[in-house]
Amino acid sequence: MRGSFRLFYIQKKKEQQKNEQNENKNNNNSIDIQRNNRSDEQFRQIFLKSGIVSQASGSCYIEIEKTKVLCSVHGPRASHKTEEFVAAKFNCELKYTTFSSSVDKYDYTENNKEKDQSLIIREALIGSVRLEKYPKTVIDIYILVLNDDGNVMVASITAASMALADAGVEMYDMVASCSSVCTKDRILLDPSYQEESLPNTTNILVAKMPALNQVTQLVQSGDLSYNTVIEAVDLNIDGCDKIYSIMKQNLIDSLEKQLKDKDNNNNNNNMDIK
Amino acid sequence: MEAFQKIHPLEFYRKFLQRSVRPDGRSLNDIRKTSISTGAITTACGSSFVKIGNTSVICGIRSEVGIPSFENTDQQTNIFVNLELGPICSNIYSSTKPSEQAMSLSSKLNSLVKRLDIPKEDFYFDQEGKVLWYLYVDIYCLDYDGNIMDASILALISSLKNVKLPRGIIENTNEYYKDTEQLRSLQINHYLFPLSFSIIEDFILSDPSNQEEQLSTSNLTITLNENFEICLLSYSGIKPISETILQESFEKLKNRIEYLKSLIDSAQEH
Amino acid sequence: MTNTRNDGRLNNQIRAFESEQSLLNKADGSARFTQNKSSVLAAVYGPIEVKNSRKQKILKSLIEVSFTPSVGNTTYLDKEKELLIKNALESIILTTLHPRTQISIIFQVFSDDGSIISCAINAACLALLDAGIEMQGLIGSVTLCYNHDKSIYLDPTAQEEKECKSLSVIAYGSQSSQIIMNKTEGTLSMDLYFKSLPLSKEACDKVISYIKLAVKNRIMGTISTNTTSTTIES
Amino acid sequence: MENFVDQFVVPGDVIAKIEDLKVRIGHGLLQSKDQIIASKSGILRYSKHHKFYWIENEQKRYIPQVEDMVVGVITEKHAESFKVDIGSSCSALLSAYSFENATKSNKPLLNVGNLVYARVSVANKDMEPEIVCLSVRNKSEGFGQLMAGYLFNCTLGLSHYLLSEDCPILATLGKHIPFEIAVGVNGRVWVNSKSNLHTIIITNTILNSQFIPDDQIENFILKLIESRT
Amino acid sequence: MQKISNTEIYFIENGINSNLRADGRSRNDYRHFSLETGEIIHASGSARLKISDTEVLVGVKAEIKEIKNAQSNNDKQQEDLKRFIFTVDCCQSASSEFTEQKRLDQYNIELAKQLERLYSHPSVVDVDKYLTIVPGKFYWNLCIDAMVLDSDGNLLDALSIAIRAALYNTVLPKIKVITSEYQEITFEVSEDPEDVISLKDAIENVPIFITLNQIGSQSSFIIDSTLQEELCINSKLCIGINQKSMICSIQKSSGMEGLEPQTIIQMIKSAKQIGVQIISTMDKALKLNP
């Protein structure tokens, strides 16, 4: 019984392998990807909660369905080094947990990706913070990716911006962001991990301060025609506005709750990870 | 009042402790609300999330397949535990190098894993055990408000109970396949029930908060299993401890075991 | 007791101590503590200026411990030993006498044949005395291992440590009968644990009295100090 | 308390109960509530003249105490002060005006690396120690820069012994070799004589004196001189 | 860290607003640049580029990469798909900005990652045609090491142009695959220096970066900035363009301020024009001097 199962199993595997090889070969075949009950431009459910790390100045936890990211902000705090600063120093550090992705081997040494993404997030946020208000201090942002199911950058930027707001740092505007994957003929907003790792696709990330109508970050990697780029950027900008409204609503809600809590004189924060 | 707390934290605490109450409203023996949930991380083969008051840790287990080396096989372990106290949980930690505290806790956790008596056969990838599963347990502290030891031990035991390993198939001696439809869990024979105390002057505080830990002269952590056997006892500090206090601490933990057991078990059901 | 161990000792017999003090020229105090094949060198520097000014303590001196094993690099296991030793020593050193200073204690293991943490703590006690660091009292440490047949071995060798069911490192001070430091791991019933405490206390007292003797002999001019292995009556 | 004098003590030993006892305690002794406790190992000594108890041991690290005479090395030079290494946990401050006849326009000519013989004027655990090159009578009286000569380190116990009233070594040495000496209680001894050979003999005699009975010291010195001439 | 005075910034901004730059160029003028290929004889391919004082040197080294069978084939290892490995090393002597080691390391990673992103799309180089030895098993990996010898602005563009030229210059030895009876694969590398595969035709789709720097008013941006101009940048957009005027990569980097969406569209448009122009000039020059 067991033997027959094994044979069957191996056959199945081989077929799969063959299919995959074919897929690789015919690069130009359009890839058909099914989204579960979701249109191309539809976002997944977003859950936001700020102020959950008691030891940080500000913090935010975000869930985009399975993607889970926690961000905490320390500062503005005094700098250990006695450097001359006109404005506050702004640091950003993104880290993946070792179990955040389902890749078999975790490479402890490879942190270039983390460093690169930290830089992109930093660039996206730095324009929104009024650094000149806090001379001789440091604002540190730490982001931890708990579970990666695509769209980590958007989750991180959103969480970081919310955490900055939670910390009470003066800002021009909050930064909303949106990313998409462009296949041959489709533009998929809010991609999942599976969609992000499809071959022959292009990823676009846009971060924006909606109130000032300024794009603070734009990253594209892959090969696209001019018109598609413009189209994708436009779509993402619209996506940013949607995210922004969610962020705004959440911030107002949490502030109202804080005020209420203050009246009741109890501030129990509950971190729930479902 | 806040200024008093900042300038003379010890004096501030003493005023409270002399009346057998703590600034956060707990009595000396009260333990903060503890909650455990499992399976939140979909990319890990087992995960748990533990919260004691504000302190929260998340624990995920990554599985790797490896061929065991045949030298001193009795020494080998298949589970490696690591605790990360990063800057995300508190501003006292830096991201550049692991703190001594994290290293010391990690080594304690690693020794505790051996107390679970997980049979060797459970790590077999195939039937014969030529190839084994290696589990990497990483515990990340998300919010540090004291008593990280209890939180990480609870996270460790509940995430290990949550582990689901796929059935492995070996083909052509070096091609490994995982059958993700047939999942099995590990056979874990024991529980671990931790409780930590901080001693500030002559007061013994169960489940210390961050500030209580900083003010404390000594720290005591005890871990029992379901047979009331000691799995870990660690006491260190500036003041020596008497036998009677030790005995009292054990009693406190004994009273809590039933509750912890139900917490760990019910977390698995969801 | 008939149950003898591999090396012929009784269950409650400690290996013979041997020690040497002031063997390092540069250090303010140094000592080597040997129990058969377990041997540790401790060097004390201090009070000196704090090297890392961020760690400086305003009301106390900072105690820094570094532990180097006999082979290989330091691992996280050694870090845990460092922390244990540091906490144990901090409780006997009068740290408030020299605020904003640092006392560094450096350990080098010559050979490890079990009970290495105890050995290091005893070496540190001798080295601190040699350096003339102000202390509340003396400290002595001993390791116990509990076997599957519920017997207790004092001062186990590396082999015995490996085979035992649980292991306990314990330290007592000369000033009180209370525990200064204890780390127990492994499965162990509470009854047995509490039963073994008087035994360990007595063993630590033996260690402390040896340390006293060793220092006395050194200062009063007698050259070497050796003991034969000691049996603790339980 | 008397029963303990010249006896060996270890930290934690209770030396005496303070009831109506009026004594001064020094190095290695602590008052805890109504007890006097030893905090170092060594031999309890008593000076009848000063009614003073202390513990003598072979310590190497110097802890500054007021009125101690020390030999220091200048490590930093500032406009109105010097930083001097006296072997303690942090370097001592030496004001440029704490020399005999020093004024704003007449400062001592000292450079980094020079040796000074000084007296500790401020020693407090919470403060940087301060030293002066003046005696209690505000005179130089031997304090000040040490020119030429040779500096060696010894244990604190030995340097105390050299300064004690009944130390025969220096007197015996003086009978055979003319020399200058400055003993710092911080374990540093400076010697100077007409020839390097003599300096070396003096140094060796002092360092070996711990291991030689008092009555044989003279023989030892003579032997050293003979072997070199 | 180099500093620039407020009056200098004012001067440069005003000049750019009226389409005149300090060195006499208009906003969309490129400086003259010189390109040399094949300088490093031990490398598979190399190129040196000089734009005014900016000087970069690029070497390409080819390695055989074996792809081990993934233990589970439901998720492909990302690393296995990468055929290009970039490292950038800015010499500390190149600019006073590079003296701080920590910042320098970060800058090196940033540049390398941007280049990697530019080459991330599989259609950049036809892997199957040029870089495959045994399909699914053995591939050529190209290690591209770039050195910045001197810097006078516009580093990223210079690097991307130099890398493109270095790839043009790259030759790979022909390899004969021998499969023994135990399914073991061994290689026989052809010794004949003439018997090689040149990547000359493979660079058709290889893109270059055009960096647009927005200085002064929102709608005024320049290309090929000098070091001095880079000190008064409001924001910066790096756009990767290939010959077919496809956009291969975009990244907004360094700069405190945001950009309006309209400006971005304009920027992409002009980058497209300029990029195609530069690539065609470059190709012409490369073909003339093989």
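Should a chain be cited, it is by its letter among A, B, C, D and E, assigned in written order, with residues numbered from 1 in that chain.
As a working rule, a contact is a pair of C-beta atoms (placed from the backbone, for glycine too) under 8 Å apart; a residue touches a chain by one contact, two chains touch by 3 or more.
Please read these numbers as outputs of a predicted model, since none were measured by experiment.
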Which neighbours does chain B have in common with chain E?
A
When C-D is set beside A-E, which has more C-beta pairs in contact?
A-E
Work out the mean Cα position per chain and let me know which chain is farthest from chain C.
E
Quick one: most central chain, C-alpha centroids?
B
With chain centres set to the mean of the C-alpha atoms, which chain is at the far end from chain B?
D
So the centre of each chain is just the mean of its C-alpha atoms; given that, what is the distance between chain B and chain D in Å?
55
CA centroids of chain D and chain E: separation to the nearest Å works out as 71
So how far apart, in whole Å, are chain C and chain E when each is placed at the average of its C-alpha atoms?
61
Averaged-CA centre spacing for the pair chain C and chain B, given as whole angstrom
28
For chain A, residues contacting two or more additional chains
13, 102, 104
Multi-partner residues of chain D (each touching 2 or more other chains)
none
Do you know which chain E residues sit against two or more other chains?
71-72
Chain A touches which residues of chain E in the complex?
70-73, 75-78, 81, 106, 109-110, 112-113, 117-118, 120-124, 128, 135-136, 205, 235, 237, 242, 245-261, 264-265, 268-269, 272
How about chain B: which of its residues touch chain C in the complex?
98, 100-101, 103-104, 106-108, 111-112, 115, 224-225, 227-243, 246-247, 250
Per the touch rule above, chain D residues touching chain C in the complex are 8, 10-12, 28, 30, 39-43, 57-61, 63, 89-90, 125-126, 156
Contacting residues of chain B [partner chain A, same complex]:
37, 40-44, 47, 49, 51, 54, 56, 58, 60-62, 64-65, 86-91, 95, 136, 138, 140, 142-145, 169, 171, 177, 179, 210
Where on chain A is chain E touching in the complex?
13, 16-17, 20-21, 25, 27, 102-104, 112, 115-116, 119-120, 123, 126-127, 197, 199-200, 202, 204, 208-209, 212-226, 229-230, 233-234, 237
